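Both of the next two complexes hold chain A, though its partner changes from chain B to chain C.
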Partner chain A sequence: MNPETMHSLQELLPQIQGYIYPNEIEIHWGLLIVVYPYITGVVAGAFILASLVKVFNVKEVQPLYRLSLLTALAYLLVAPMALVSHLGHAERFYEILLTPQTSSAMAMFGFVYAWYLMAVLLLEIWFVHRTDMIDMAERNTGATRLLYRALSLFSKDKGERAVAFDHKALKVITIVGIPSAFLLHGYVGFIFGSIKANPWWSSVLIPIVFLFSAIVSGIALVVLLYLIITPLTGGKINMKCVDKAVDFLFYAVIVDFSLEMVDFIHRVYQSEEEIKILSEMVMNKLFASLIIVQVLLGMLVPLLLISLTKIFKKRFSLNEDMRKMVYFISVILIQFGIFATRWNVVIGGQMFSKSFRGLTTYKMEFGGIEGLFYAILLLALPIIILAVLLKILPPWKELREEGEAGAEAAGI
Partner chain B sequence: MGKLFEKFPDPLARLIVVVAALFALGAFAYFVLIPKPVKDVEMQWADAIKREKARPVKYAGFHVCEECHGEIQKKKQTGYHKDLSCETCHGPAKAHTENPDKVKPAIPTARTFCPQCHAFNPSRPRGFPQINPVAHNPLKPCSSCHNPHDPKPPTTPKECSACHGEIARMKAVSHHVQLECTVCHVAPQQHKVSPRSVKPSKPQVREFCGKCHGKDAKEKLAANAPKIDMGEHGEKYVCWQCHYPHSPEVEQ
Partner chain C sequence: MNGRRTFLRGFLSVLLSGGAIGGILRILPSRADAREAPPKGKKWYGFGVSVDKCIGCARCMDACKNENNVPKEPFFVRTWVERYITRKNGQTTVKAIAPGDEATPETVSDKTILRSFFVPKLCNQCASPACVQVCPVGATFQTEDGVVLVNEKTCIGCRYCIQACPYGARYLHPKTHTADKCTFCYHRISKGQLPACVEVCPTQARIFGDLNAAASPMSRFLRMNKIHTLKPGLNTEPKVFYANLDGEVR
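What follows is the complex of A and B.
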C-alpha cells in the first residue's frame, strides 16, 4: 500500500462508526458532485424567474428578466465543468462529443444540457438582445463593432416584422424553456432518485424536491445579485420588484419545505430496514449540515424573516432599508441552505454502509481537483462569466427603468 | 440566400443559416473528420479482443498440473484447500509446463505468505482458521508443521480460541471472562475434525442462565452477577435472544 493511502486510512479509520464494507471507506462522489447539482439548480431556478415575466406576465419582476437569463447562462456554462473535472481528465472532454452515447442515463446529461444551452438559453438571450446588439454595433467602432455585428449574426433589421417575430419567438422559447428547465434539474434528481441500491437517494420524490429547491436557489440568487449589483452600478433598487420576487421565493420555500417534510415523514412511517442507520446518520454525521444549516438556517429562519415582513406589513412598508436587509439576509441564508441540501444528498448518500451497520466519514481535501479550493473556484467562475456577460449585454436600462420610473412617480 | 431573407423574418432567416451551418459542420466532423474506429463500438470490441488475445498466456490451469502431479492433486482434493488452484500459491506456471526442467514455479515459504489468508481479522468468517502471526510459533516456516496440500493442524487445538478468535477476544474483556466456553457449550469431539457438520450445543432453556442470574441462584461464581426474577423477566424468550452472552451488557 502506498504511504499516502496508508496515511489517509490512518486518519479515517478511527472515525468510522460500527461496521462498514472495505470499499465504503472512501467517498467517491465528493465536493465537485455537490457543486454540480447546486449550479444546475441555480440555472433552472433563474430561468423559471425569467419565465415569470414572459409566460406568466408578472410585470413587477421585469427588471430581473435579463439579469436572470444571463445568470442562468453564466452558471450553465460552468455546470458541466464540475462533472468533467470530477472524472479526472478534463482535457478529454471532447471525447464526449465524438462518441455520443444514448444508452446510459448519465451520458444523457450531454443531450439535456446541449438542448437547454443551444435551443433554449442562447436562443432566448439572442432574441432578447438582438435589437440592442444592432444598436451597440451602430454606436461603436472597430473591434467592438465587429463583436456586436457577429453576435447579432450581422443582422441589421429593426423593422416591425423582425421585431414582431422576436417577440413571438421569445414567447415560444420560454414556453418550451419551462419544461426544459424542469428536465434539466429534474434529470439531476432523477439520476439520484433512480439509484435503487441506495435508500437515501432512491425515492420518487427526489426529482421534485430537487426541482423546487432549484427554483428556490435560482430566485434567491438573482435577487441577491440584483440587491448587490444595482447599488454598485449607481442604480436604485426597485422595491416593488424585489417584494414580488421575494413573494415567489417565499412560496417556493414553503413548497420545498413541505415536500422535504413529506419525504421525511414518508421515510419514518415506512420505517424500512435502513431507517435506524439513516436516523443515526442524520443525528450524528449530518446534524450540522442537515438540521442546523439546511432546515433551520436555510429554510425556517428565512421563512420566519420573510413572514415577519408580511405580518408587520405596515411597519416594514415604511422602512425600505429594513426590508432590504431582511431580504438580503434571507437570500444569503437560503443559498447556504440549498448548498447544504446538495451536500446532504450527495455526501449523505455515501456515508452509511450498505450493510446498514455503520457510518463512514468524509474528509474534504483543500488542494487538488476534488478539493475545496477548486470547488470555490468553480463557484466563483460563474460570477466572473456573469460580469463579462453584463459588460457585453448590459441590462442596466431594464434594471433601472422601473426604478427611475418609480422615482419619477414619487416626484424625486 | 436572398430568397430566404425575403420569405422569412430577418432573425429567423439568420438563425436558419446558422443552424444549417452548425448541422453541416457537425455532419462534416462526424462523417469525415472522426475516424471510423472512434465511432464504431463493434470495431472497438474487435480491437479490444485482438489486444487481449495478443497478450502472453501466463497461467496453465490446474488440469495441466494434474497430468504430472496427480498424487498431490488427489491429496489436495480431499483437504481444506480443495477450492484453491495450484497457481494461487505457486504463481503462473505456463512457462513451467512448457519447459518443466528449466523453469520451476515458486514455492512460497515466507512467513508472510500464509497469513495473507490466515492472519486474524475480525471480518473473516467465524471458524476460519486464523492465527496471530507474531505469537504463533515465531520464525518457523508454516510448512514445517502444516502440509499446504492437506492443511490440518498437527495436533487438534485444545483451545476454542484457535478458531473462534473473535469471540474469545470479545469474551476476554466482558463480564463473562471467568466462564470457560464449555460452561455453556458442549462441543462433541467430532466438531474438531469436521467443524461445520458437527456443531456445539447452545443453551436452549431459560433456566440455564437462571442458574447464575436467577433471583435465588446458588452458584458461587455468581455472587455478584446481576439478578432477575425468572418468572417476570423476558416472558417466553430464551435469554440469548435479547442478550449477547459473549459480551453481556449490564443495564442497572
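What follows is the complex of A and C.
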C-alpha cells in the first residue's frame, strides 16, 4: 500500500464539508481525465474548421486547412495516452479492444477512436498530401526519398484523373468526417452524460455542450497556432482568413454560451433535490474555475473583445495589428476557458457526495502519473508531434497564400 | 487506377457497415446484461436491514474488514453505518461511525434532538446494476444468484463503475488497483454460511437470504415489514431492503 496516498487522503479529511459516503473521499478521475476531453475536443473542433473549407466552401479559411488537419492528428495521437495512463492496470488496456462489453459506453472508445483515426483523419490527410508526397520523393534522395515513398504508399500517379479522384475522395471523406467528428466528441460527452447516478453529469445536453465547446476550442487553437507559426516562419498573416475564422469562432462561442445557459437555467428552475449541494459546490469549490475562468474570462470577455472589433469596424479595419492583438488575447482566453470547462465537468462531478449532503476536495499533485507535470507533458506533446508533422508535410505554401513571395526560402 | 478505386470503395463500405456502428447500436438497451426477474427455482439473494434494530456498534464493519481483507484505513469500506440526527428545527446531520470511535454520544438528554437512528449501508446488489452496464471489459458482472462481483484479474481500473454507482459502495483497492465492493461474502454464502456482517450483528438488524425461498428469515422480514429501498427513482432495483427507513436517508 502506498503510504503517500494514505497520507494525502488523511489530509483531505478535515477539508470535507457536511457528510460524504466513506468511499467518496478519493476523487477518482483526476487531472488526466480533464486533459482527455480537452484534447478530443480540439481534434473535433480542428476538423470542423477544416471541413468549412472542403464541404461548406468557405474559401477565406483555405490557408488554415492543412494546419487544422495536422493539428487534429497531432492531438488525436495523444488522446488515448491520457486515458491509458490513468488506468489502475494500464497493461490490461487491450482488454477493452479484445473483449469489450458492448453495453458500456467506454468500451466503444477503441472503435470510435479507430474509426476516426483510420477512416477519417489519416485518409483525408493522405489524399490531401498525396501528390505533394510524390513530389517530395522525387525531389529527395536516400532515406528521405524512401520515407515519402512509404508515406505515399508507393503511389506515383500524378495524372489528371488521379488528382480528380483525390478531390472527389476528399469531398466524401469530409462529409463522412463531420458526423464522425460529432460522434467522437459527442461520445465523450455521452460517457459523462449517461451516468444517471451523477446529477452534475446526467443531462442530455452534455454531449451537445461538449460538441460546441469542442468546436470553440478547435477553431481557437488553430487560429492561435496560425498567429504564432506564420510570423515565426517568416510569413505574413492573412487577415482575411483570420477574420473569417474568428467570425465562426464568435458564433460558436455564442451557441456554446447559450447552451450552457439553457442547462443552467433548466437546473435552477427545476430545482431538484441535488440543487442545494450543487449550488453550494459552485459558489464555494468551483467559483474561480467556473464563474471566473470558464464564464467570465473564457466566454464573456472574448465575446466582448471580438464584438468590439465588429462594432468599431472602421477603426479596427484600419489597424490590423490592433485586431491581431484582440484576436490573440481572445483565443488564448478561450483556451483557458475551455480547459476550465473540462475541469468543472470532470472534477466538479466528483466533488459533491452522491448523498447530496457534503463536498470533498480535489488536491492536485505535482509529480506522479496523476500529477501536474505529467498533464503539462501531455498537453505539450501534441505541439511537438505537430512540429514533426509540419516538417514532414509542410503546409507553408498554403499558409502563405497571399503571403509574401520568398516564403519557400524560410526552409522549415 | 481502377483497382485502387475498387479497393477504396470496398474499404470504406466495410468500415461504414462494420463493427464500429454495430457496436455503438448495442449500447442502446440499458439492461443488456441485467436479469429482469428472479428465475424461479433458483437462488436469488437479497439482504434485509431493520433500521430500528441497529445500535451502531460497528461490529459489522470490523467483521467485514477482517473477513474480506479490506484495507484498514477508513477510506475503503464495503459496509458502513451512518448515524442520523434530526433536530427540532428540521436540520439533519449525518456521520459515518467508525469501529475505533469513542462511544457515540447519547442523545436522550439533548432536548434539541427530534429523532436519531443508525442506518447500515452496503452494496445494494442491484437487479439492474449500473456498474455492470458501464464496465468496459465485463470485469464486473452479475452472478446467476444475483450477486454483483468484480473479477480482479480482468478489471483494468478505469473506475467507471465507481462513478456509476449511486450508493458510493465501490472503491479502488489500493493494493490490487482494481475496483472492489461488498460481495455478500460470496465465498461464505456459496457454502451455505451467512455473510460475516450478518453473523456478527448482535441485534439481528441485518438479515440475509434467498428471496425465492418460501420460508426463511429473509421472506419473513419482507412479509412483516413496510419495505423501502435506496434511491428507487434511479431504477437500479436494489436487493438490499430496508424496514422503517426514514425519508432523510439517501
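The rule is short, and it goes like this: the second predicted complex is superposed on the first by the 380 of 412 C-alpha atoms of A that agree within 3 Å, B and C clash if a C-alpha of one lies under 4 Å from a C-alpha of the other, contacts with A are read in each partner's own complex, and residues count from 1 in each chain.
In the analysis below, contacts are C-beta pairs under 8 Å (C-beta built on N, C-alpha and C of every residue); 3 or more make two chains touch, one makes a residue touch a chain.
A quick note: this is a predicted structure, and the numbers were derived from the prediction, not measured.
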item: Chain B versus chain C as contact partner of A:F154, first or second or both or neither; value: first
item: Which of chain B and chain C A:F111 touches, first, second, both or neither; value: second
item: Partner chain(s) touched by A:R130 [first = chain B, second = chain C, both, neither]; value: first
item: Which superposed partner A:A169 touches (first chain B, second chain C, both, neither); value: both
item: Which of chain B and chain C A:S353 touches, first, second, both or neither; value: second
item: Dominant toucher of chain A (residue count), chain B or chain C; value: C
item: Which superposed partner A:T141 touches (first chain B, second chain C, both, neither); value: neither
item: First (chain B), second (chain C), both or neither touched by A:T99; value: both
item: Touching partner for A:L9 - first (chain B), second (chain C), both, neither; value: second
item: Residues on chain A lying within both footprints (that of chain B and that of chain C); value: 22, 99, 155, 157, 161-162, 165, 169
item: Residues of chain B touching chain A in the complex; value: 9-12, 14-15, 17-18, 34, 38-39, 123
item: Interfacial residue positions of chain C with respect to chain A in the complex; value: 1, 4-5, 8, 12, 15-16, 19-20, 23-24, 26-27, 29-30, 32-33, 71, 73-77, 80, 82, 93-96, 121, 130, 132-138, 154-160, 162-172, 174-178, 234, 250
item: Residue numbers on chain A that touch chain C, as the complex places them; value: 1-2, 5-6, 9, 19-26, 28-29, 86-90, 92-93, 95-96, 99-109, 111-112, 114-115, 118-119, 155, 157, 161-162, 165, 169, 172, 176, 191, 194-198, 349-350, 353-357
item: Residues on chain A engaged by chain B in the complex (per definition of touch); value: 22, 98-99, 123, 126-127, 130, 153-157, 159, 161-162, 164-166, 169
